[in-house]
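Consider the two complexes below, in which chain A is the common component and chain B and chain C are the respective partners.
For the complex of A and B:
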């Protein structure tokens, strides 16, 4: 397997990390909290989508919409129940609360869904999308040989669509513009007559919707288990911080860097140490925070 | 004048005396033919109790960092692990995989504390300036990095199996199993109590007041001429070194180290214990930890009494633990025995 295959994998991973990281970074930028339970929203979305595909059953696109709606509702409900009441206490209590909530959610999911990993039936998935041509390429010697499946294309294409819609939302709609205003200066936004609580709620819903979508895409690519979200939260966090916490465009860039680094590191790490590739994301995270904590395009996070 | 009146009245001296007595009793059990006999039902109590006193060192160190100085270290387990691995690698006689140098254990234990302090200084010097929640993230990520190093460098750290064949000093001299358990609990408990005494002295001194002032308002503290960065570094390194000591003792008690002993669960347990009891109050954080460890004990008994699987119980326990953390922060931010005013500026 050549390097170019790793690039394909990196772009796919980067795509779903990017969708998740946008939601994560919006919460950071506007509610000013690091939501460590956010990974669990992905898990919930992935399981909701799986339930919809297998139990109802509905076509995958409908299941994706259900997962997004479910993610948005869960996110808003948890925010109202747990985070909004302690909004005034500062970032550390919010972070700790999200860690506790994350543990409880993860354990509750495990209680219901069990420990083992579940798979989206890729046969079904390709069947639903059988209009897409099979793009498997046997071996292209120049690039070292690579293949692209229709799932890869679905994930990358969805991500691009999300970026376009998000850009339009943030620049063309009142809610989006209000979100950006709040991210810049909350008290100024309030003085200007923006309903800050409404915007906060919108951000929570939007972040949950993105998490639900990212969860299903991630699960299509690999699988879903109760630990799916938790095992990705540091990558999502790394992407958001690398891009500059609070900046959605930075998060997209950060996510693709993380995705490519993860995928390429497996090619360069000696065999038997590929497990280290997950550490690579954390090394990036730590390095960015130490060298340029404001990331590529974000707020200052140093205190003194 | 009764005996009670002669007892020292300050907490530090009390803790020191109690610790010294525990240590003496433990050594007595270990080296003399004196034997302990335990009913089987007590084994699990002694086992969890031993883990409690080791975690007690962790919570005291973390409380020095967070409770007193306000440093949000969410990777405390990494210092625990570094201490344990250093001690194990230096002292292990024969090991299945990974390094075992077979040096005497006291040397290994001291080295474990020193290496952990150095690692703590490294983490501190790079990240201590960050805002609270970002410091938490960096320390957490550091712990994950170390975890994957331990798992992946099999030739050095023994991979998932870890390092076996670590000497167990108390087990080697104790005459039978029961005596060994009692002596271990007493010796480790004694060490924790003596540490409690030392830490109490430290934080009751003007030094501790500076630390709490930094937590309350760093800018004001700096403006009266204190080098807050130096104090924060010292507090961070002391806390790390204590965790290193706990790790070294754990390795020598357990006879083996493996990545599975050093997961984020340890960090979470310590944090919840500290917040539940009441940060910045040494005895309160130990009591909070006891409640969380008691919950673990209770869930073991409940598991024996019901037909459902261990997995279900583990999940239920974690749901409860997570919700306790959420509830404490919301309804009792100063903890059960904490003083809300004390968390502001104190005299």
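For the complex of A and C:
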């Protein structure tokens, strides 16, 4: 196994980071805040899905829908309860509130669910592609055989579906067009008759729905614990910033760059440095921002 | 009263029920025999969440507020960073948990029980990493696994386990083909495994905490990589088999043995006290309470100095062998010296407050980990220098 296998792994990681990063960056672009509590929305979604699968019990697709609905409701409720009332006080109070709310949510989840990890009971089916043409270049194996599991396919396929739906939402619906208008200039959007509070609420719900979905996708790969979202928030933040903060298309691009860098750096770092793959991802993030402070996609993708 | 800092929550909370039940069973058994110095013994258990700062607070509370006579808990990850604090506390800490090689030459009474000026106040009733990783390495070589791949977490505990294993493995002809270190808590270890299994080796060692190990081993199963897995000591858990599945069958774990002379006595009393499963740290928990109570009985005093000075004498030498506090109390009342024969090991404390014993090999088969063999204490001792452990 070589490059092709690690590209598969990177695409899987990038896919669920991308779904989460879209929600995160929509909040940044339209509500104009960095929401550090967002990781906990993922955790809540993952636990809601797990409860649905184990206690109701319902099939995984139904559990995913419940997790998405729960994520949306939690996100809207917390926005209405905490962020909207202090929206006019500026970015710093909003940031501090989100940090405090994140800590409180994580503690509450830990109190209810405990610290131990819980597992989705999903059956894995592995698909092997061992008879591909040999496209080796030097010592680098390009397509010499790799495997994907059903979970890989679920994650990547779901991400592609989300991207298609999101694109349609942003370009073909009144709500989506209004979101883009608000992202560009809220005052102008308000003058043009857009109900900005309704659009804000829509963004909160959409971000929560995406967080719930991403939480379940992360959890079926590994497990869910009270730290699930917190342990991923830096990757989500990095993807959003790398792609161009506020741009959902940029967040997708940033997420796949992060996912691929994580996979490929583990595979190709010198021995003794393999534990530094996350550090490599962040070094690349800083390097890109030094060259292009607006992120890879920057303004032009946001306006696409 | 004995204070027991423990993992009521946190990374090793799945091991705590067995440890708690063993301590509670020991306390009941001791009280049925009249208690140390005729008083009723009690264990107050508080949660450290395996966090050093929390452990510091909990230990202080147990000593200062609860008036504990001794501490029968604390993990390596708590003891090592708090070493100076624990020495300043001057409280006997007789713990069933720590494996760290850091304690190989730290702790105990330095074989001078009458003189506490050279003492260090930590004792452990479980064999250290040097012993059971040595046993694991000896067993691997005996099975013909001469080339190894390693995947380990990037924390001190995981590295210490690998270092202990390799010190015996490489010194006796084994070689490492590839070692991949990973961050704990990642959502996937597939890239690391892809890299590891590009190398040629007979068996691979997994040194990670349970949750990360389940992720890595599930990825290993999905990838169909095969080869012989060797797991670090805390991974012989039903949850690991349940989550990873049948591909794990044949994997083995070397754990602190259950080969103390009084293991059967312990097991009989323990099984009547509850239904928590016995793990590698359960018999040492029983031993820590028993030997500390015996030290009080011999001392005729519950001061920290008196307990510290008597832990060595009740565990070493040619005194009357005793399996429980009840037998020891009776022998001491008759004016005899005693030697406590433990459940996990003989509990003969070295000068550094360590114990030495057999290593049990537990293999995943038929949906559970079962003990398949043991590496004897004599076989392991061949590779562990006396005086340096």
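We take it that the second predicted complex is superposed on the first by the 258 of 304 C-alpha atoms of A that agree within 3 Å, B and C clash if a C-alpha of one lies under 4 Å from a C-alpha of the other, contacts with A are read in each partner's own complex, and residues count from 1 in each chain.
Please note the rule applied: a residue touches a chain if its C-beta (ideal position, glycine included) is under 8 Å from a C-beta of that chain, and two chains touch if they have at least 3 such contacts.
As the structure is a prediction and not an experimental result, all values here were calculated from the model.
Asker: Give one of first, second, both or neither to describe whether A:115 is in contact with chain B, with chain C, with both, or with none.
Answerer: It touches chain B and chain C both.
Asker: First (chain B), second (chain C), both or neither: which does A:147 touch?
Answerer: second
Asker: May I ask you to name which of chain B and chain C touches more residues of chain A?
Answerer: B
Asker: One more residue to check, A:13. First (chain B), second (chain C), both or neither?
Answerer: In the superposition, A:13 contacts chain C only.
Asker: Could you say whether A:294 touches chain B, chain C, both of them, or neither, answering first, second, both or neither?
Answerer: In the superposition, A:294 contacts neither chain B nor chain C.
Asker: Examine A:223 and indicate which partner it touches, taking first as chain B and second as chain C; both and neither are also allowed.
Answerer: second
Asker: Figure out whether A:234 sits in contact with chain B (first) or chain C (second), or with both, or with neither.
Answerer: first
Asker: Is A:89 touching anything from chain B or chain C once the two structures are fitted on A? First, second, both or neither.
Answerer: The first partner, chain B, only.
Asker: Which holds for A:275: it touches chain B only (first), chain C only (second), both, or neither?
Answerer: Both partners.
Asker: Could you tell me if A:104 is touching chain B, chain C, both of them or neither one (first, second, both, neither)?
Answerer: First partner only.
Asker: Using the superposition on chain A as set up above, list the residues of chain A that contact both chain B and chain C.
Answerer: Of chain A, residues 114-115, 272, 275, 278 contact chain B in one complex and chain C in the other.
Asker: In the complex, go through chain A and note every residue touching chain B.
Answerer: Touch list, chain A to chain B: 33-34, 82, 85-86, 89-97, 99-108, 110-111, 114-115, 234, 237-238, 241, 272-273, 275-276, 278-279, 282-283, 285-286, 289-290, 293, 301-304.
Asker: Flag every residue of chain C that touches chain A in the complex, lowest number first.
Answerer: Residue list for chain C touching chain A: 9-10, 13-14, 49, 154, 178-183, 185-188, 190-192, 194-195, 197-198, 211, 214-215, 218, 221-224, 243.
Asker: In the complex formed with chain C, which residues of chain A make contact?
Answerer: It is residues 1-2, 5-6, 9-10, 12-13, 16, 114-117, 119, 124, 126, 128, 147, 149, 151, 218, 221-223, 225, 227, 231-232, 262-264, 266-267, 271-272, 274-275, 277-278 of chain A that touch chain C.
Asker: Touching chain A in the complex: which residues of chain B?
Answerer: So the residues of chain B in touch with chain A come to 72, 74, 126-127, 129-134, 136-138, 140-142, 144-145, 148-149, 151-154, 218, 268, 271-272, 275, 311-312, 314-319, 321-326, 329-330, 333.
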